[in-house]
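Pasting in a structure now, in structure tokens, and then I'll have a few things to ask.
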Amino acid sequence: MSEHVYKVVELVGSSRSGIEDAVNNALNRAGETIRNMRWFEVVETRGYIENGQTAYWQVTVKIGFTVEDRVE
Amino acid sequence: MSEHVYKVVELVGSSRSGIEDAVNNALNRAGETIRNMRWFEVVETRGYIENGQTAYWQVTVKIGFTVEDRVE
Amino acid sequence: MSEHVYKVVELVGSSRSGIEDAVNNALNRAGETIRNMRWFEVVETRGYIENGQTAYWQVTVKIGFTVEDRVE
Amino acid sequence: MSEHVYKVVELVGSSRSGIEDAVNNALNRAGETIRNMRWFEVVETRGYIENGQTAYWQVTVKIGFTVEDRVE
Amino acid sequence: MSEHVYKVVELVGSSRSGIEDAVNNALNRAGETIRNMRWFEVVETRGYIENGQTAYWQVTVKIGFTVEDRVE
Amino acid sequence: MSEHVYKVVELVGSSRSGIEDAVNNALNRAGETIRNMRWFEVVETRGYIENGQTAYWQVTVKIGFTVEDRVE
Amino acid sequence: MSEHVYKVVELVGSSRSGIEDAVNNALNRAGETIRNMRWFEVVETRGYIENGQTAYWQVTVKIGFTVEDRVE
Amino acid sequence: MSEHVYKVVELVGSSRSGIEDAVNNALNRAGETIRNMRWFEVVETRGYIENGQTAYWQVTVKIGFTVEDRVE
Amino acid sequence: MSEHVYKVVELVGSSRSGIEDAVNNALNRAGETIRNMRWFEVVETRGYIENGQTAYWQVTVKIGFTVEDRVE
Amino acid sequence: MSEHVYKVVELVGSSRSGIEDAVNNALNRAGETIRNMRWFEVVETRGYIENGQTAYWQVTVKIGFTVEDRVE
Amino acid sequence: MSEHVYKVVELVGSSRSGIEDAVNNALNRAGETIRNMRWFEVVETRGYIENGQTAYWQVTVKIGFTVEDRVE
Amino acid sequence: MSEHVYKVVELVGSSRSGIEDAVNNALNRAGETIRNMRWFEVVETRGYIENGQTAYWQVTVKIGFTVEDRVE
């Protein structure tokens, strides 16, 4: 850890199975284009209901990563 | 999705096994009398401790549902 | 105004035209079954997007009314 | 305390004498129709002023109770 | 709605005429480069004053959209 | 914009017609005695209900203005 | 209640005896120069400790009053 | 008041009689082992209900005290 | 439940497997020196990322326990 | 410290050099007309950017002072 | 200032020397790829500790800039 | 970083010179009895005013450290 600059992006991952899986889905998707992800923070946990049951967990995460080349 | 009106109620579900199960218990109980539940939001996650262990997870959720006949 | 007790309920009104109209839709729907509504507070303003345009304004309001006969 | 489900309702009690009395007025009114109230949380303390003096204390409480038969 | 991942971006739209128009201006600008926008949430409403009058409404919105190819 | 000091005051404007008009009413009233108002921020949107309809929109704004002569 | 404009000021009342008395002290002091006070909201409750005991209750209130002549 | 360092601890005091008494109970208990308590802040006011009545007021306070010898 | 005084401490538990396990790790560690733990509240859920995957869940909990002998 | 009443005003100080200087500028300006200022609290730290650099730090503070003669 | 649309991004700047320098590091890094940055807001101030001393100040800022060509 | 448990304590550091110095004073004092401090978060920045000038900066920090032997 040095005088790095990090960027923080906000994503919503969804999953039929639970909160951790929804977070992991968001991380997997983000990892396709972001290198050097360092931490995340859960900022909201919601869900979509179908037929009286949880159909999808929807978890909003902020993800911090080291800025390598550009900040947009 | 049209010009519906939704009502939001707040419940606390509890479970010995975990957060998702506590939410599902709240939804199941709510579903006995509420039709057309659409979404939920987790607003608080607490727990009751016995003998140094988590005895119950207690998760407060707000549940939104389409208003069909009456709002009280 | 005397030593009344008020109840507060949370509703989400939606409208294609705007924020005020979404609130009024919620009040109209609530007024079918609640007498003596006294005040409201806007707690969240969201919207649903279709084809890049605002399809529905969705405004969450808390409505306070004088309790006459029962609190449930 | 077991795998109960609780419902949370929001009331505003008012009183000429003080905060505790305003809360008790809300509980008394709620107790006419709600059985098995378990806890409350004060979420807002306001007051109405007449002639430069506190005319009414208005205290908003969330009340949690065990759900027995129905959630509306 | 399936196991999608959504990204959330924050924009400030401004307008001389009002809140809804400021939001629409933000959505229109965002729609030039973002496909599949799904929802927005108003997070702040401010304004710039000139000669004692509202010169511009400035409304901060978070916009959620389905991630198709990349998350940056 | 230089090394100015600004003061922030809090007002509640009311209007029968809507949110923007309530804000403008607050600004107009403030402008009778405050020079150099620069910005405002909406901090609360409430309303007063009569006969089941919105009688008044009540919008709380914080108004910032350049301090010219005195801060009280 | 009409299309009035209200101003909100923030005061801290203190008292050796308790919370309500601290609020009343703030209102009494404010009433010496403010006419038409309408409502207050408790925003913070603190205290100063001497010799392990509460020496002063210090209660921060926001007080709203009808603007008659000037807003400063 | 000089370049002191203070520590802040969080306690919940309970009382059958009211809010001020619950705070005082917390201070009395804390004072048995903490010297030099300086201030407190009320951060939450809750209660436990038995037979439809307030059985206990439960008030969470943060207490600040001058650090003399050790911070743990 | 009587006129007890409770203390609240804040811990961060971490786990490779998930949120509930991170909380349990915090409770287990706390239980080595704290007797009579009664409840916890989750106040923050974060995680540490390695190679694009969740390496550790880090969950901040507040734990309340009955004060037996000393408050520091 | 006795049964004083304090008033709290909100100011924004700006400075080219940094946060502390912006606060001091606000205090200096306030001190021209307010006697007996006692404490301040930083409530927001923002800045204005020119040519990619911080042009001004803008720090919002609440300042508490003992009320001597009038509260307006 | 006209009917512009602004985008807001969140960055974390770090510095061994202090808060202002951490913010400036974030701005400098952002300015390599973002034109027309207009304002920032400090949303979190943290630090990393080594050997009992502050090793790095880590300041999270939201940066607003005029949208010229695309919003992603 | 492994499956550690961290404890978080809250301190207020004060300084005549500025915010960073107040934080460092808190860390220095904490470091006399706490080993393995890892991070801090600034949660409140206040000050004490004498003769219209900042006499002391008072900065509240939460400090996280690895739990080695006991949690109290």
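Letters are used for the chains, namely A, B, C, D, E, F, G, H, I, J, K and L, taken in the order the chains are written, and counting of residues starts over at 1 for each.
We adopt the following convention: a residue touches a chain if its C-beta (ideal position, glycine included) is under 8 Å from a C-beta of that chain, and two chains touch if they have at least 3 such contacts.
In this text the structure is predicted, and so the values were computed from the model without any measurement.
For the pair chain D and chain F, chains touching both partners: C, G. Minimum number of contact steps separating chain E from chain H: 3. The angle of the rotation superposing chain B on chain L, based on CA atoms and rounded to the nearest 5, is 120 degrees. Shared residue numbers account for under half of those found at the interface formed by chain C and chain D, and the copies are therefore classed as meeting with different residues. Per-chain Cα centroids separate chain E from chain J by 32 Å. Each chain gets a centre from the mean of its Cα atoms; for chain D and chain H, those two points are 23 Å apart. Put simply, the C-alpha centre of chain I and that of chain L have 21 angstrom between them.
In chain H, 9-10, 19, 48, 72 are the positions where the chain touches two or more neighbouring chains simultaneously.
Interface note: chains touch in the pairs A-B, A-E, A-I, A-K, B-C, B-D, B-I, C-D, C-E, C-F, D-G, D-H, E-F, E-K, F-G, F-J, G-H, G-J, H-I, H-L, I-L, J-K, J-L, K-L. Interface of chain E with chain K (complex): residues 9-16, 25-26, 29-30, 32-34, 48, 55-56, 60, 72.
Listing the residues of chain A that touch chain I in their complex gives 19-20, 23-24, 27-28, 31, 37-42, 63.
Chain K meets chain L in the complex at residues 18-19, 44-49, 52-54, 57. The touching residues of chain K, when paired with chain E in their complex, are 1-9, 62, 64, 67, 70-72.
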